[in-house]
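Read from first to last, the chains carry the letters A, B and C; within each, the first residue is number 1.
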């Protein structure tokens, strides 16, 4: 574990009756990082967070915060604070009292308490709201109060459990950006849980992708996007196309697959030891698919596909294609030249094999 | 460490509960049961025996009153349900907004006065020199004073009055939760008023009905003031006999036996009611 | 039958008539009781002889003793207040503890104990009184016979009255408080721990304030129930009689407008208490 890491977990395991909700999770979060844990619903994110906050105990493994072992420390003595999935603002207290709660427990004198409450309310953009009741606030404002309630304590580590889940889409977009700014201005380490990959991508310095209680990959967002380490990550993070086929040729890093219809496609081998005759999946991003070859000199992988329909969505317009029973999406260029592609019309797709990633197939 | 702290908390909370339920409820009732099986041989010696229960079955006065009390309590409960249901339906489903709250409040008001006050009110209304009698005379409908108090009808009027609130509250609460779409669907699928009431509304309201009936039945069976103050010479109530044994005759053994019998009767009827309607005590009371 | 389903006009009229009759039935006894508290006649009956406050204020000089000069009734009122105070205190405290026990802890036999907790609801009040009388007075008798020791506490009297009322009022206050505790979001306590509170502090700063309206409601209910109780009380009173028992004894001697005066006072008092309690709880809820 790194010396300046705020949070470090080693081989954490938490079992419930019939399942292992957190399975050998190790992580290392350097100070000041925005660290996200991304995974589908039910993969064990909340369970992991509750272990870190101390509401639940691991069956094995260790938790270190700033180098201190935390396993036997009661939740109220850990230097971590948590923003709950449903916020858990105290309904019997005003906004000010909610924020003062932690300060009172630390026996901060009244005058300083008032000062710090005013300060933190200013920072989260709710100046002068301290006498309101939480019930009188909008969803986004409540969100900020929950955040202020933790930040005012200047914790080493802030845990956030899908804090934007309850907000509507528009507010979520706005809060995403704000959270990132707040994290930067406070300099606090954030451990952020979400099942929304766009939240994780936009805000984080590091993202851990979690599946069935395990981490599949821990990397910065861009690396996660460009170099997914497992087929799950490739499929879960960002839009992706999957083409299944049989390996017919391996030359160095490049693998050639033959699809059911006989078409041949190639991409970069990620799984080690791919051999001809094996089933494999090729992942290629919609924006990597070119509808007309631009650079002729490069060796491109080519594929002829039938247009099913075009899906207009502004800058994100796509065309749905079909190849030997498998569906593909390709990004349409912005100039509008392709908006009238007719259904059933065959077109040629091409891509640089370095942009496509090939994993060994899960089932033969 | 956590486990032992939990055990400590459990015992700290369990102790007052056990003290209360044992010392104030279970032990006294067991003791009453014990005393009911005792027979006084002389002023300071007691023997075990069934004499008290024998007395109950041999003295027709006892068991007649017993049966009478049971039957009249059941009748009162049914009547209260019949009277309260349309009112509860109106408050829960037909009245809107403010009217709803006000009507409900109006139903609550009489019960902020004690049973004694309510009974007293009825006495002023019904007795020979009471309001009804005087009014009837003033209108020339009758020639002399009419006594409307001291008969079974008066007792039932008073008992129903006492039970109404305890029927209305659970009824209004359950009917309030009824989804109107269910009723609409009932009509939509071709049901008439009666079918919808029987097939949709009553099954839905069952927990409330049972809960209300249990409470009203218990209150009626155990009531003392109303039958005594409003009943006539020959309309005795079983609680009155228990009272007499304890307070006037100091015959505790006999009183205890009568108490046990009343408790048996009430438990039996409550249990039967729950069985017949397929409800559980926890569901309707807790 | 519901607003969206058409009804015949006759049905509507009948329904309305029924409602009016019902509320008349409900109001009439209370109205006459209240009105006759101010009739200037020695009996609470017609004809109306004019308005007077004698039944509250008369000092006995003109042959009339008003409520405020009637020492018997006033001391009975005071006895009732004392009993109600202790009953409220004990049954609400027990209710809080029981609510936590049944809503928060897991233990073997919980379902069964919960049913036992509900038992006092299905025991007639007279029987509750009788059983406590038999148990405690019997115990006092035995002790006095065997060891010449006088356990006056267990003779009929105010302590026994309080015990008898606590026996069933505790169940009611437990139900009221447990219902509110059930709606409490456990995460709020975790949030308090997370912000540095110990479990005990979290309980007092977060959970208890949440329960406060229910506790106030339970207290008002306990006070009213105790004040009005007759069936259990009558079996357990000694020389100091609470108000309902005193009123009952008076009533057997014959009714006078003083009883109406007391009745009206009781109605107003309990209505005020009830309004206070519901008003408070609806404000904080």
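FYI, a contact is a pair of C-beta atoms (placed from the backbone, for glycine too) under 8 Å apart; a residue touches a chain by one contact, two chains touch by 3 or more.
Being a predicted model, the structure only gives us computed values, none of them experimental.
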Connected chain clusters in the absence of subunit C: A | B
item	value
Central chain of the complex, centres being mean CA coordinates	C
Per Cα centroids, the chain farthest from subunit B	A
Inter-centroid spacing, subunit B versus subunit A (mean Cα positions, whole Å)	62
Inter-chain centre distance, subunit B versus subunit C - centres from mean C-alpha coordinates, in Å	16
Subunit B to subunit C touching residues, read off their complex	6, 9-10, 13-14, 16-17, 20-21, 24-29, 31-32, 35, 44, 83, 86-87, 89-90, 93-94, 96, 106-110, 112-118, 120-125, 127, 129-131, 134-135, 161, 164, 180, 183-184, 187, 193, 196-197, 201, 214-215, 218, 221-225, 229, 239, 242-243, 246-247, 252, 255-256, 259, 262-263, 266-267, 270, 281-282, 285-286
Subunit C - residues contacting subunit A, complex	185, 187-188, 190-199, 201-202, 205-206, 209-210, 212, 284
List of subunit A residues in touch with subunit C within their complex	53-55, 74-77, 80-82, 84, 86, 88, 90-93, 101-102, 105-106, 149-150, 153
Subunit C - residues contacting subunit B, complex	1-5, 15, 18-19, 22-23, 25-30, 32-33, 36, 43-47, 93-94, 97-98, 100-101, 105, 107, 111, 113-128, 130-136, 138, 145, 163-164, 166-167, 170, 175, 178, 224, 227-228, 230-231, 234-235, 244, 247-248, 251, 255, 259-260, 263, 266-267, 270-271, 273-274
